[in-house]
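Chain lettering (A, B, C and D) follows the sequence in which the chains are written, and residue indices restart at 1 in each chain.
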Amino acid sequence: YGKNTIKFLRLHKDGKKHFVKEVEVCAHLRLTSPQEYLEGNNSLVIPTDTIKNIVLVLAKKNGISSLEQFAIDICNHFMTTFCQVAYVKTYVQEVPWQRLHEDGVPHIHSFICVPDGIRFCEAEQCRNGPLMVFAGIKDLKLMKTTQSGFEGFYKNEHTTLPERHDRILCGELFCKWSYGECKDFDFNCIWKKIRECILEAFAGPPDCGEYSPSYQKTVNRIQMLVLSRVSQVQVIEVVLNNTFYNVVDMKNLGLTNDKEVLVPVEAPYGSCACTLGRKKFFEA
Amino acid sequence: YGKNTIKFLRLHKDGKKHFVKEVEVCAHLRLTSPQEYLEGNNSLVIPTDTIKNIVLVLAKKNGISSLEQFAIDICNHFMTTFCQVAYVKTYVQEVPWQRLHEDGVPHIHSFICVPDGIRFCEAEQCRNGPLMVFAGIKDLKLMKTTQSGFEGFYKNEHTTLPERHDRILCGELFCKWSYGECKDFDFNCIWKKIRECILEAFAGPPDCGEYSPSYQKTVNRIQMLVLSRVSQVQVIEVVLNNTFYNVVDMKNLGLTNDKEVLVPVEAPYGSCACTLGRKKFFEA
Amino acid sequence: YGKNTIKFLRLHKDGKKHFVKEVEVCAHLRLTSPQEYLEGNNSLVIPTDTIKNIVLVLAKKNGISSLEQFAIDICNHFMTTFCQVAYVKTYVQEVPWQRLHEDGVPHIHSFICVPDGIRFCEAEQCRNGPLMVFAGIKDLKLMKTTQSGFEGFYKNEHTTLPERHDRILCGELFCKWSYGECKDFDFNCIWKKIRECILEAFAGPPDCGEYSPSYQKTVNRIQMLVLSRVSQVQVIEVVLNNTFYNVVDMKNLGLTNDKEVLVPVEAPYGSCACTLGRKKFFEA
Amino acid sequence: YGKNTIKFLRLHKDGKKHFVKEVEVCAHLRLTSPQEYLEGNNSLVIPTDTIKNIVLVLAKKNGISSLEQFAIDICNHFMTTFCQVAYVKTYVQEVPWQRLHEDGVPHIHSFICVPDGIRFCEAEQCRNGPLMVFAGIKDLKLMKTTQSGFEGFYKNEHTTLPERHDRILCGELFCKWSYGECKDFDFNCIWKKIRECILEAFAGPPDCGEYSPSYQKTVNRIQMLVLSRVSQVQVIEVVLNNTFYNVVDMKNLGLTNDKEVLVPVEAPYGSCACTLGRKKFFEA
């Protein structure tokens, strides 16, 4: 089993207009025989240097129309070229370069890095099995300053947490969904639509929001909305790493603090992860 | 000499609409006597816990209309309250929360973290001296995919770099400027204007860009444009940490690569720093 | 599914001598019903704050005789106290404080942090299932400056890597092994013995070393040696994240470089992972 | 003004025994004229690529007998080779590889990374000025579990910190000292001696320790001991970044906690920095 990571930039021109994709590709291969591992016989081993060359050549020849198509291309290449490959998985992640605008006018060759959620995808195949496609977003940091609480939880002698009906809900989201075996979707368009669903389900209506009784319920709402709106998604996994904020007690300092000044609590650091599919749900 | 860092969130409501500022404040104090250091006599020492309390109380009482005003408030408090303080410097940095929009509609209480350049400021004062105000932006990553070269440089027997007239210019910008002693500016408005100047000077006109003969010249252009457009700025320091990209040589792989596939070069990592003032320049 | 992380320090005195353990505990719980997730009913949810309290109370009451025993104690507590818990996993990781020595004399209460490999363990249990214990070491960085090569690998038109019979072998090791259901071992003593096995298998005899034909073979040697020397280990997983070093070509600079000056190659970054058990091996 | 960073490994053999130094070199140059910056004229600019080549060639030709000697060699090369260089500073930092031992026997070519304090140095020169040499240690994490307190500090209405006479003293040390213009010291031997002084001054006698009334006083003790024991040191700067530990209040949980269970407090993060010279002290 070996994997490696390749980072590169693919530049593409349409007339004088430039398009840029900077990606990090991680390729995992499993060979049909572990003889290099057991016997020190390297004759089937594909060096990481060769893998790097293949990824760069595919980027040059095919371009990167979407992360997903590029991941599929890499999988296909390894499966059709190397009979000693039993399994291949490719992970592709994007550096979030966005076109620069000056007074609303797009610049033809300048870009700014805007990391408000990182797009990634995976393609995976076992020899004689189907090629599966996944996509996702990670490092998406969101906050609601009201319409969130946590009440009615289990209590015993170790409970010190008070019930709260108006707290800050803040966290870093990781979402990953499966497109199954289908490969000819408009992956760029669907990804944008799913990102909008995630934001909407997290925040609720712009004029009033929607009450969240727990991080878990918010995770569920995100999954339900994506599955109901985007028919191409088969299964969706969501992980929400929470940051807690404590209202500072200012009584000793002679002041009342009506949820105006809060400090982030580094530890304990909570996390909530769920996977939801179309017919049955798995909570893992 | 002591410093400490406090991170907190200040929430403010206008009717049902929420406004949020999450900041990291770093306060540096120097006392008139180092007796705790030389003799172990702590009677003049202001504990970091007390400094934290003061910062939180000021946030509660004054709010954070701008980072700069808040930094000024903290400086003033320490100078007027503690006669044993000989010098105070406060650094305030913002967590880049932006209001979430759904189909263009702003949400009343939901926010997304968009770290495309971090705003910060400093206020600094010696007892009996003026209060000086600085502001800046850091971690701003920009890229131009053409209109950049590096030619005509000094050569000797250790030179292996070829001349290039069409390379990628990519880097992370740090800019810090001084407002001098003036304190009643519209700091939020000026900061946005300076950010636009930086982007414009880096990128050039949207339809054609502007040729950069070196990182150094681009740094100079940024400084010149800010000084010419924003009269409140006295001095501006710019540091550009460069990321180099090499065009992959694909001759061995039977392909030509016309600046289509490039890999970032981690080392050597270059940096270019300059400080430019109104009358005379300092290159340090 | 929820997890959280708690970091704390447990201090213990024997006369005037102090003993310190600083650990990071991560607890994962799965409940018998996901009603908080589906229906927003929190009545079974154990807040992260309560989990933190339990971990701190157990540390106070039981102390931390070994990381493994502490992880077992936490698992047992959750399984016996909360009937709504279907599954519990605890991960415990150590901050590597070592007693300070002055001229060879151990200090009674002073410590230095020496991160040359981080010790960790896991305990895991499903309701009605056995409690399984794992231990490991991570972030262990090792280098061999000779007795390593990579030859006879698969070649095709994308191969550019030359064969090498005398290269640098350098990487960061992650090893995790299973003790099965057994719980009354001397975990501290066994851990030290396994660490020594890993170093010996990586390096070979002190006077001459042992030739490594590939990273994969070195991973296998580590696993084989641990399994042959330490009977308590059931299965061992090893991941070796490689750092490659290139001999700098100095021909252009008029010098020969006989593997004297090398630069680390950041990308592609290789990794090799294998799991080896007693009867059959799994290569995943 | 430009700087850049080069990371490389220098391997040296004495018979079959291998010696390894992996270093990170950062070179800062200032030129006599900023014409590339003002006019886009690059004719005096020394590209970072050339600087990298020079550093690698010097490592190949001279080896790295000590970090300090290597930094001096680089400075000298730039000053004597390039008349357009007005100022040069070189920073050299070591990757802490230590020879591996098996049952106390040193291995001839295997190494382990042990980052218990990172050694670094600087050499600096202005044209027509003296070459100054500095050395230091950073990222050195130390802890005392008793013999530390903080009492008698300044109090006012914002004070909430209780006085403590038995707390944990824990922090990360940065020390940097000057050797002045002298260059023919045994830098390796002196560095080890200073490291021992730092540990001794922090911890006190092994059998009883020494009471620290404040972080500041501990910083002063370190400086005083180094200056009194090591005559080659002219000035010493020490920065101590503190980690605070709070005794967990377990009253709500029905337990007393006699400084047995403590949690680290992430914020506020304190720091104490002082510079001490031979004749007069500077507190900056």
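Quick notes on this one:
FYI, a residue touches a chain if its C-beta (ideal position, glycine included) is under 8 Å from a C-beta of that chain, and two chains touch if they have at least 3 such contacts.
Bear in mind that the values here come from a model prediction, so they are computed numbers and not experimental data.
More inter-chain C-beta contacts link the pair C-D than the other of C-D and A-D.
When the contact pairs of A-C are set against those of B-D, B-C or A-B, over half line up by residue number only for B-D. When chain centres are defined as mean Cα coordinates, B lies farthest from chain C. Counting the residue numbers used at the interface between chain B and chain C, over half appear in both copies, so the two copies meet with largely the same residues. Separating the CA-averaged centres of chain C and chain D is a span of 29 Å. A straight line joining the Cα centres of chain A and chain D is 39 Å long. Chain contacts: chain B has residues 7, 53, 57, 158, 160, 253, 263, 267 touching two or more partner chains.
Those residues of chain C that touch chain A in the shared complex are 1-7, 30, 34, 36-38, 40-54, 57, 81-82, 84, 150-154, 156, 158-161, 213-214, 216-217, 219-220, 267-274, 281, 283-284. Chain contact summary for the complex, chain A toward chain B: residues 7-12, 16, 18, 20, 22, 53, 56-57, 59-61, 97, 100-102, 105-116, 140-147, 168, 196, 199-200, 202-209, 245, 248, 250, 253, 255, 257, 259-264. Within the complex, the chain C residues that touch chain B are 157-158, 160, 252-254, 263, 266-267.
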